[in-house]
Each structure stands twice: as C-alpha cells, then as structure tokens.
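Take a look at the structure below.
Each chain carries a letter (A, B, C and D) given by its place in the written order, and its residues are counted from 1.
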Amino acid sequence: MESINKKKIFNDPVYGFISLPYDIILDVINHPYFQRLRRIKQLGLTDVVYPGALHTRFHHAMGCTHLMGQAIDTLRANGNEITEEEAIGVTLAILLHDIGHGPFSHALEHSIVQGLTHEDISVLFMAELNKQFEGKLDLAIRIFNNQYPKRFLHQLVSSQLDMDRLDYLKRDSFYSGVSEGVVSNQRIIKMLDVVDDDLVIHEKGIYSIEKFIVARRLMYWQVYLHKTVISAEFLLVKILKRAKFLARNGSDIFCSPAFKLFLFNDISKEDFQSKKTLESFTQLDDYDVLGAIKVWSNHSDKVLAELCNMLVNRHLLKVQIQKEEFSKEEIEKHIQLAAKHYAITEEEAKYFVFNGNIENNAYNPEMDRINILFKNGSVMDITEASDNLNVQALSMTVRKYFLCYPSI
Amino acid sequence: MESINKKKIFNDPVYGFISLPYDIILDVINHPYFQRLRRIKQLGLTDVVYPGALHTRFHHAMGCTHLMGQAIDTLRANGNEITEEEAIGVTLAILLHDIGHGPFSHALEHSIVQGLTHEDISVLFMAELNKQFEGKLDLAIRIFNNQYPKRFLHQLVSSQLDMDRLDYLKRDSFYSGVSEGVVSNQRIIKMLDVVDDDLVIHEKGIYSIEKFIVARRLMYWQVYLHKTVISAEFLLVKILKRAKFLARNGSDIFCSPAFKLFLFNDISKEDFQSKKTLESFTQLDDYDVLGAIKVWSNHSDKVLAELCNMLVNRHLLKVQIQKEEFSKEEIEKHIQLAAKHYAITEEEAKYFVFNGNIENNAYNPEMDRINILFKNGSVMDITEASDNLNVQALSMTVRKYFLCYPSI
Amino acid sequence: MESINKKKIFNDPVYGFISLPYDIILDVINHPYFQRLRRIKQLGLTDVVYPGALHTRFHHAMGCTHLMGQAIDTLRANGNEITEEEAIGVTLAILLHDIGHGPFSHALEHSIVQGLTHEDISVLFMAELNKQFEGKLDLAIRIFNNQYPKRFLHQLVSSQLDMDRLDYLKRDSFYSGVSEGVVSNQRIIKMLDVVDDDLVIHEKGIYSIEKFIVARRLMYWQVYLHKTVISAEFLLVKILKRAKFLARNGSDIFCSPAFKLFLFNDISKEDFQSKKTLESFTQLDDYDVLGAIKVWSNHSDKVLAELCNMLVNRHLLKVQIQKEEFSKEEIEKHIQLAAKHYAITEEEAKYFVFNGNIENNAYNPEMDRINILFKNGSVMDITEASDNLNVQALSMTVRKYFLCYPSI
Amino acid sequence: MESINKKKIFNDPVYGFISLPYDIILDVINHPYFQRLRRIKQLGLTDVVYPGALHTRFHHAMGCTHLMGQAIDTLRANGNEITEEEAIGVTLAILLHDIGHGPFSHALEHSIVQGLTHEDISVLFMAELNKQFEGKLDLAIRIFNNQYPKRFLHQLVSSQLDMDRLDYLKRDSFYSGVSEGVVSNQRIIKMLDVVDDDLVIHEKGIYSIEKFIVARRLMYWQVYLHKTVISAEFLLVKILKRAKFLARNGSDIFCSPAFKLFLFNDISKEDFQSKKTLESFTQLDDYDVLGAIKVWSNHSDKVLAELCNMLVNRHLLKVQIQKEEFSKEEIEKHIQLAAKHYAITEEEAKYFVFNGNIENNAYNPEMDRINILFKNGSVMDITEASDNLNVQALSMTVRKYFLCYPSI
C-alpha cells in the first residue's frame, strides 16, 4: 500500500488543531476500515438528551492521537527515552484502540455480535491492517497488547490516565455542553513522568487528578448513565431483539445487506476469523441501524412498529431511578398496564417494561492505580496521597436501579 | 393536540443553555415533523473536511429560538412594543423557518424534489402543523410570509441580520473549529432597535457589523465553499443522477421506501399538496441517502459503485479552483483520461469530470440593507456608514470556477 | 445627588457583557467610594504565582450584580415573588457587599485597621452612602444585615451559594488560568428556588453542587492558599510590621498622606465613626502600599529594605508545607541561620523566619447548609442528598502547617 | 550571575500554559529589570472603559515567548534551519522587545523622558543585561537590531506578523472582553515559512491573514483609540504637564524619589548613558504615577486637583469625534466656558479643553509586507493576493479628529 500523504492538520473544535506527525498515521486514517468510524457516533443515542453530542469515534481517535503527541513530548523532555519507532508505535496503538467498535456498541455489544468484545475485534482489525501495511503495525500491536518491554507505553494507551480517557472526557463534555466534565488535559499531561517503568504524575498535579476523578464520576451520572439515555439505549436493545425474533420467524425485515448478515445469523468468534466477515462488519454503522429502525416504525408487527416509533420520534419510555431494587409487584403492575393498553400479551409487554441496574465507579485502584510521584522520590496511589477522604469515597462503586415503562 | 410540557432547558455547547419559554414551542419541537430535523445535518457533507461539523438543523433551529428570545428582550427594553402573542408568533416563525429542508438540501435541492424550494416546503409544513395545532400558528405564518403589519418582526426571521444568520455563522464556526467565523451575537443583538418599523443597529455596533460581514465572507470561502466540500457535494449530485438513471432503466436499487418514492418518481409541486407526499418527505433524511450510497458502493454498475466508493471512503475527486473559466480543451482532456482509466464511455466519464462556478457575496445591499442608527437620529446603510471602503468592497460578488476530475 | 445614567453595558471577559439594570446601581458605581475598588486587586499578591490574576474588587462586584440579575429572573420564573423594590435592594446589597475592603485585606486586615473587619467597614460605607443618596439604600441595608422578612434575599447576598461565591470562584479561576476551578454558574442559578423562605437547589442540580464544592476546595489549595502566595502575603505583613515599628521610633518612612494616617496611628473602631476617617480610608489602595514598599526597598533600615526587595523583585522566602507542626528546633535553626547571614539580631531575624497554619474547609454545613429540593417536595442538606461520601469528606476541615525562611 | 532555574511553566488564561524552554530565559525573567514589567499595564488607562484590561507588559512578554516557541517548531518542521543558539537568541529578543517601556508609555512617551523612544531604552537595557549576563545576549541583540544574516529571525521579532502583534491582539482582545479582536494565532503560526530569507504565509492561511488585518483595525477603533480611552490618556498628559509646571515653579509635589527625578528634571538621551539613570528608570512604574495623582487630587492648585480628581474618580472629560477638523470657534467657545466655570484663566482652561487627531492604518504595505506563498512557488503581497478589494481598502489610513472638554 502506497503512502498518500496530503493533509496533516485537522480542525478540531476541542483542541484547535490536530497535527498528525507521521505518514503511516495518515495512511491508516485514509483506510476504509478507519474511515467507517466517521459514521459511528462516540456516544450512541446520547443526543436524545444532549443534541450536540454527535461527535464520532473517528474524531475521538484523532483527538487521542493529538494528546499522545503531547505526552511523548513531555515524557521525552522529562528525560525518558522514547525512540522514533516507539513514538510511531504508541501513536498507532492509540489511533486504533477503538477500531473494533460497531454502531451503538455501548448498547448493542451483545446484540449484534456474540461472544466477542469490541477489543477482540480491534485486535482482528489491527492484524488485518498490519498485513495490508506489510508489518508496519508490529510494534503498535505489541504495545497495545502489553507485550512490549517498556510497559509505560502500554499505559499511555490503556490505564487510568491513558490518552483515551483524557480525550473522551474532554470531548464528551465539550459536545454535550456539560461543562462540569471539563478536564485539564494539558496540565495532567505536563505532569506525566515514568518511574520504574510505570507512568506517574508529579505531586504538583495532584489536584488536577482529584478533579479528573470527580469530573469522570459526574460525567457518568450526568451523561453516560443519564436516565433518559439509559431508557433510549435499552429501547434499542429491545428493538433489535424483536427484529431478530421476527427475522427468524420469517417476517420481512428491511435492512442493508451488511446489517442483514448480523441480524439473520448468529455471528460467532470463529466467523470473524474470515476476512469476509470482518469486511461485512466494516460496512455496518449507525446509518444501517437507525435507517432500518425508521422503516420498521411502519412495520406490520405492532410491537416492533411501536418501539421504533418511540425511538424515531423521541417519545421515550418513562424511567424511574432509585437506590433500592424495584419490587416484582411494581414491575408486574406495569407489564399488565402495558399489555392492556397496547392489547398485546404480557410476554410482548416485556418489550416495553424492563428493569436493571447501573453502576458508577469513578476510580478503581484495585484494577489499576494512579501513581503520584513526590519530590522526595516516593510514589503513592492517589487515594493515599490525597489529603482527605473524598478520593477514597470516589473509589467506591455506586449502584442504582432503574425501571422503564410506557407513560400511558 | 395536547400540551406535554416537560423539558424546558437544553444544553448547548454554543450558548451554554437554551431556554424554551412557551409551551407551544415545546409541543412543536416534540412533533415528528420537527424531530426529523435531528437526522439532517446542518452542513451536509462538510464533515469530509471539518470532522466536527455534524450539528443538525434541529440544534440550529433551537439556537435561533434562543437568540430570538434575547432579541425580543432587547427590543422591548428599548421601548418597542411586542405583545406576548407576537413574541410567541415570531419565535415559532424562526423555529420553523428551515423545517422544509430535506437531506443534503444544499446539494440535492433539485435532485430529490423538482420545482419546489425548501422555503416552499416549509410553508406547506407550517400550514399542516397549523391544522394539527388548531390555528395556533396563524400569527407565526403571517410573520414568516411578511403579511403582518409590524414588518420588523419578519426581519427578525428573514433579513441580513436575522436570527438565522446570527446563529448559523456562530454555530457552523463553532462546530467546524474555524474560529475565524466567530461572530459576536450577543453584542449585535444588544444593539438592535426599530426605526420606522425597520430593524436598525445602534451606531456603537458598527464595528461588530463590519466584523459580521467579514466573518460571513470568510466562512463562505473557508467552509461553505471549501473546494473539497464542493467536490463532495457535486459527487453526491452525480451519484443521485446515476441512481435515478439506473432506477428508471429497471435496475435494482437498494433504498428505503421513502427514498424510493423520490428516486423512482418525479415528485412535483402538485404532488406535495397531498398530506401523504408530505408525510413521505418527513421520513426522508441523511440516513436514507448515506445508508443507500454505502450499499450502492457494491452495485454492479461500475459507474455508480465507483462514485459511491469515493464518497464512502473519502477518496474524493481532485478539484481545481481559479478565477477564469476552464477551457473546453482542458475539460475534454480529463474526460478522455477518465474514460480510458475506468474503461467507460465519454458520456459516463462525465460523471467523474465536471465543472461549474461558485459565488460569494458577503453583503448585498440591493436585496436588503443593514441600517445603522446614529445618535442624531439619522439612519444609513452600513456601506455608507462605515468609515472606509472595505465594507463596500465586500458588497461585490466574487465568482470562482472549479473543475473536478479523478486523480488518476 | 443627581442621576447621571450613561453607560449600561460593560464588557466582561468572564460573562461577555454585564448589564446594569437600574439607575441607582450606576449612580453608586460612579461614586468615588465605589470607584476606589478599581484600585484594589481581588486577589492581593496572588499574581506572584498567577500573573493574570490582576482583576479588581470593582470587577467582581459588577460580576456579582450580573449574576444577581439572573438569579432574580430564575426565582421569579419559578413563581417566587420579588418586587421591583426588592430586586433593586438585593442588587445594591450584593454590589456593595465588599465595599469595606482595603488593599491586600486578606493579609492586612489586622495590620492597617485594628478591631474592625471589612464587613464592619462595609456597613459604615453603606450608611454613609445611604445618607448621600437620601435613603435609597434603606432596603439594601436591611437585606444585607438580614433584617428583612424575606430571608432568601439575604441568602442571595450571603450564604453557601450566594452570588459572591459564584462569581469569585469563576472569576478567580478565569484570571488565574486555573481551569480546574471553573464552576457552572449558569446551571446552578437556573436550579435556584425558594422553599419556606430558604434558597434551595432543584435535585437536577445536585452534581453541579458537588462539583462546586470540589472546585472550591481545589481553588483553595491551588490558588488562595498556594504556598508561594502564602509566603508573599506573610512577607507583606512583616513589612508593614517593620514599617510601623520604624515609624513609631521616629524613622522617616515615605508614604502617601492616607497611608501615613494608618501607619503612624492606631485607628480604632471609634475613629471610624467620623466621616473624615472613612474618607481617608477611601484614599487608600494597592497603589499606596506597593508604591511605598518599592521606595522602602532603598531604606536605610537593612531589615525593611531587604524584606521590601524580596517582594518587589519576587525573590521570595522559601516555604515548606506539611501536615504536622514544625518543631521549635527547626524554626530556631532557621532563625539563627538568618541572623548570621544578614548580620542582624535573632529578634530581627524573625521578620524573615516565621511559621503558621492554613485551613481549608470546602463546605461547612454547621454554619450554613446547601439545601437540595427533591421532586417529592422533601428538602435535604447536600451531604445527605449526595449518593456517596465524598461531599461529606469535603465538609471536614483540613489543616496544614507552613514554615517560611530565606533561601540562603 | 548564576542560573536559578526553578519554575518552567506559567499559567496563562490566554494559552493555558506557557512553557519557558531555556534557563537563560528564566534568569532574565527573574532579573529586577524584567520583574518591573509586572507593574506596568499593557494598555495603560484602557481599564476606564474595559475594566478587565489590567494585564501587564510582563504577561505579554511571556506570551510572545510562548508563540515564538511555536513559530520555531513550525519553521523547523517546514525545513528551515534554526540552530539551538539562534532559537535562544530570537526567543530572548522577543522576550525583551518591550523592556524599555515606562508607565503609560503610550500617553507619556514624551512627557516623562524626552528625545528617547521606548525602543531606544530597550536597546540600553539589553546592553546592560548583556554585560550582567556576560555576553549571553549577544545574538539576541543582533537579531533585535536586524544585524544578523538570517533576516527572517528579525522578522519574527518585528514585522507585520511578528509574535508581538500576534500576542497583543489576542491578549488585549481577551482581557478587554472585545471578542471581535480574536485572532487565530495558532493557524497563522502553522502557516509560517521562509522564502529567500523572508517570512511568508502559505496560501491556505490567506483568509486568516485577512481576518487578522480586519481584527487589528477593529481593535484600534474599539479599544486602542476608543474615545473615552483617548480622553483619559490626554488627561494624563495634561496632569503631568501641570505637575511639571508647578514643580518647576517651586510648588510642593508629592511623589516617589524615582518619579521626582523625571518630574523635576529634563532627562535626556545622554543622561541615559549612565547606569544610574537607567536604574532610576527601572524604579518607575504605574504605581508611582497613579499613586501620586491620587495625592495630587487634594493639591492646593485648583487646576491640578481638578484634573486628578477627574482621572481618579472617573469623571472624565467629554469627547467628540468627527471626520473633519474642529473649528477654532468651537474650541474657543469651550475654553471660555471652562474658564468661566472653574474661574480660571483661558490659558489654564486649555488644560481642560484640547483637540487632536488619531489615525488608524490596519495594514501599511509600504513599510513592510505580508507575503503569501502560493503552491506554484510565487510570492505576492496580501493586498494583491486577496481576491477582493477590502484588504486594499484596509491599507488606507483613516484619520479622525477629537475634541475634549468638561461636561459643564
């Protein structure tokens, strides 16, 4: 594959400009596998609440790449060696970290593809791209999979303070208009260093890290787990479930060829080994899913049509959120009301009435730590380093229960 | 139709918050005719150059509504009477001013629907909504059509300084990341007044107006008429043309039912008198068009497949821009090259090679003036009021010629 | 005093524009007592660390006034009656809430004036202004002193969520460039309501409040109690102390007449009852203090000259911060070192070596609560209403100890 | 002089962070000659209109230094050689370009010091600093004086597109809150290149340059030449004139020792050759001037007291602006009115009544050009390169006449 290097600067409302420093980065961006991310929104259906939140996984990946360039500069300035080859590798790794995402993958991860996470698919994409680019992604793949000796490079791609999080919090906050989520990326990155092959943050940055953890928690409740977004996403799951049910019972279901493959078949991990399945997957994006749902809102199946109508015209289900589980009686009551209202069976009514729980854990030190480097050379986890309890508090998981039902 | 008034505040990255002051505004926003604007991007294909420019006509309409509220407050504070009924009317008029837009209407205005502008369709929508809302839009329609005695209300909806322009320049600048386009809306609105039933700007605001006109011109060249955007939009026109050609020659063309109606038939102004056609039109949005094009990129017709491929994977045609017309010889040369390269006829090659011109007129005082009110009470057009030539210069039309062809 | 009403809109980098709605507000702003706030920086010496933090108490007072207008609009829209007279009263109260501040009052509150807080002096100023404006400030004064029946009006001026805090956090964050302190004022104000005559925040605003409390804490550590700022402010205290000592021992001390009055005399609460003392106080601002210190850096008294030199040329003392008190031995050691280095007595060396502690209490519910109003009508304090411990944690006081000494 | 390198990152509300890359830069910043710029406002008395415009020459110099770093990066990335030594030199040159400014130098350039521009004084300061830093500023001085072979380095310090202008337009716009002046520095700098040893801008940046020229013009009328600012600045000139007059007639005039030197003597170019005069000049800043004026507002000379009162309490003279000169009769009329009103002589009344003119030339290609580099390699001046007349229009000088007089 030949290098076609034309454009190196992209406008970005978030950072002003994004410079792409290496030809291979541009070549990968120009590849159809990557261009498809232009058609996959970063936040799925979140725009039902925040109409500005239409940014794509494409733009997020470019933002991460931009931040990676800044992180490399800082780490080098602080005396940590990063060779040019490593710089390219780690930049490619962050560029491609989310390439395995399908449409609305937050909601549909287990509806469209079974037994395979988006990370698994990312790995498959990288392998295939590495073939097409004749091995130029070798190092990127090793860094992505944490198989490269310099562990801190992997941590730049995947850890509590990776460029992914730093970009998505800022970007999601920016496009949703939820200014509370704003994170001081620039300051955090300027405080990065490496001790014993681990990323650390200089002591001076401690308040920025606290703020980062708090902002992350707030973004969860206010955006990612906003009750109306939850309601819309589970509605989408129910729509897919009903469509699959009808498809498998011989009903005629309008959809694009690529979507048909995944709707009418159970595509497994093994299927994905074939390049053909992978290619089909690359044809799938938000347009297939929402385009079909719009058509289905006129379907003869009353359940499917009504569900789709709700999503298309934003007449969403009601949602209640509380700290305790909902009682069986309450759920049952709503099922019966719905069955009666729509003149459908109670089984069918469960498409309209459903419950579940959501969790928010702003910082989980057991999985992975944020290390603070003190002037005296000692390193401590942020929960110990912080001068009061609130960071510790934030490391506790908060669970809430929700119940969706039609407003009749 | 019953009032269901729940949400009154929307987050907007541009203004922070948008408050919607009247129940009828919310009811109209919740109507499916309006909700469809969520699926129509304000800037069509501009995201091929500016990846952040994904904002919708829905969000723009809400932004205009927000600015209208500020304009009403200022005008009232300056002693101009606007009754509550008029305030509701003019706010509804701006909310609905663009409701007749179809997908990619900048490019497709004459490809999808013939003999009908989006303004015509807006009027049809308003009439239908007025029926459904039992006459509550009467005054809004009179203001929109400039049939209401207080002429300045119409000017708030449609003139050189209407809320439409004030919002779109700021919003398009914001989402594209082209900071040069930023306009000081707040200041311009604070300077609004009425003299002899015409909107005027207080003398103090004269530099803001100059800046507004300059910003508008820059946005034209840098965003709306960016050569790569031009290339993508005309490519889309060619795709539709080829698809229609194939459709009418009996080829199988994947598309949604609504899209099919417009692709396989010539829908005329008369057809639009039926509510059924209008309803079909409301089912049509960006998802139908781009969803179909993605499928067509695998079509057996080589021309269609290649054109679609170019758009989907962003391998766009080359564009040249110059101040003089392109010679027939040069165009002919590219047609022959393309025909040879793709092994197609010269007639078919014209899908890949085409030329045209674009014009930019930042301020046209012949159509409509921007009036400056001086302290001594006199009123002058901005081109006379400004202390130098540059505003006058901006009122001249600039024309450029473009030529698109494959980079072979 | 006659009304001279000319300018109603001020540019403000923070909010864009500040509109001043009432003539009496403008008249008070134009009064010399208020104009002097133009010459008193809001953050004293903080610009030794954050060179942008030069904004004045004048600008802060105008910002508060702007926010008060928004709060009044929201509260009225939510159905709480605020008469025009009350609106003017509460706006005047916030405009004047800080008028009693002298230069560097954070540091010098007890050095320049004894036995009198800046609040006491504010009350004296208001009384005097009320005389000059013939009773037009009556209501403002009652609200300021919490003597007016509608208690919530006082809370807008002075409480955990008053317009003072909302403005200063945002403004100080803005001008210092510490983006972590940014607070979503607009959202918090939009959530204001009144229950049982107390200000409350609607449930939806709960995360904004959490964020507000966290931001406040961070601003304390990162700006208000930044160790270098502490070092500069205590240096200033020492300078004043030495200057007073010399003055009372007959040394010649350059300073302005107004400064002389306060430097050479102990001005008491009683003295302030005379309009003459009050007028002298209005002549005192940052220019007197820093202007004199610059001259003193050439004084024949070695201690004074060296201290002033440090401040003027920003060769500040070293500061150490820790969680435990410093031992007497350690302090003594530095005193001896300083005495030796400067060839001065140990008594004199204490001007260069001193210790103390600083406290940060982001939220103190015992003093005053932030009430959250739930949809079911119940009202709870934020520490109970929040779904985890971190807000509770923030309500605990954190104390740190500091030690300053010359870097020899 | 020893290197003391501690702090390398400064918070800046405009750019987020300013990194200072070289030790010598920090050493110069820490020198008292440079620290004095902390006490000299960039925009003099402009805060009488824009209360946020309190930023200092210190902050501006650091901003320029920051932009210079970006320019060096871009130029190097575009293949232009800049050695490390040259990078340090050009950065020092921009850091020190304004070090010769005294307080309110826009107004007082010829009142405080005669026969010497601030550029002359800058050169003297650089020479003295070069001595103290043992020749480390040699290259910086050659670049500053355009005596270094690589001419483009000088152009980065002083030309139509130097870092000085790029920073001050943005910074002044930011702090004044006049958003119309915002300039896209980042984009302009990214477009920089060198052809034949001259700075050029890539064709793509042409609209940004147009915008830059327009913004500059608007900032002139709206900020730098705002009529109220003009009125305040000329008032200051009159105050100094009166104070000098009184001083030389034996009147007692309160002021700091440094100010006294310049007020009671005519300091010439020759005097400045002595280090002592230079050192005295470094003691002079805004605090001396405004501090004294505040005291003078109680002076026994009625003229001086009244003039100072006007400035201190912001009861400024009225200003009229027009395109034609004011007639002698009109001026005479105001002089007589003032003389009568204040019971002073007509000669004295001229302190209160004065006229003059102001000019605005947004772009003067005769002095110095902005070169645009086209893809075909040709280079053209922006006025030829731009596709319409407005830039040409902006290169014409606009002159306006003003008349100030008391509002009696």
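Keep in mind that, in the parts below, a contact is a pair of C-beta atoms (placed from the backbone, for glycine too) under 8 Å apart; a residue touches a chain by one contact, two chains touch by 3 or more.
The model shown is predicted, which means the values in this text are computed figures rather than measured ones.
A.B. asks: Starting from the defined contact criterion, work out which chains touch chain B and chain C both, please.
C.D. replies: A, D
A.B. asks: Using C-alpha centres only, name the chain that sits farthest from chain B.
C.D. replies: Max centre-to-centre separation from chain B belongs to C.
A.B. asks: How many angstrom between the C-alpha centroids of chain B and chain A?
C.D. replies: 32
A.B. asks: Rounded to a whole Å, what is the gap between the Cα centroids of chain B and chain D?
C.D. replies: Taking the average C-alpha coordinate of chain B and of chain D, the gap between them is 44 Å.
A.B. asks: List the centre-to-centre spacing of chain A and chain D in whole Å, with centres computed as mean CA coordinates.
C.D. replies: 49
A.B. asks: Where in chain C do residues touch two or more of the other chains?
C.D. replies: Within chain C, the residues that touch at least two other chains are 16-17, 179, 187.
A.B. asks: Help me check something: in the complex, which residues belonging to chain A touch chain B?
C.D. replies: 10-14, 16-17, 30, 32, 35, 38-39, 47, 50-52, 54-56, 58-59, 62, 174-179, 254, 256-257, 283, 285-288, 290-291, 294-295, 298, 312-315
A.B. asks: Quick check: in the complex, which residue numbers of chain C touch chain B?
C.D. replies: On the chain C side, the touching residues are 9, 16-17, 19, 186-187, 190.
A.B. asks: Please give the residue numbers of chain A that touch chain C in the complex, ascending.
C.D. replies: Touching chain C from chain A are residues 179-180, 182, 184, 187, 207-208, 210-211, 214-215, 218, 221-222, 323, 387-394, 396, 398, 400.
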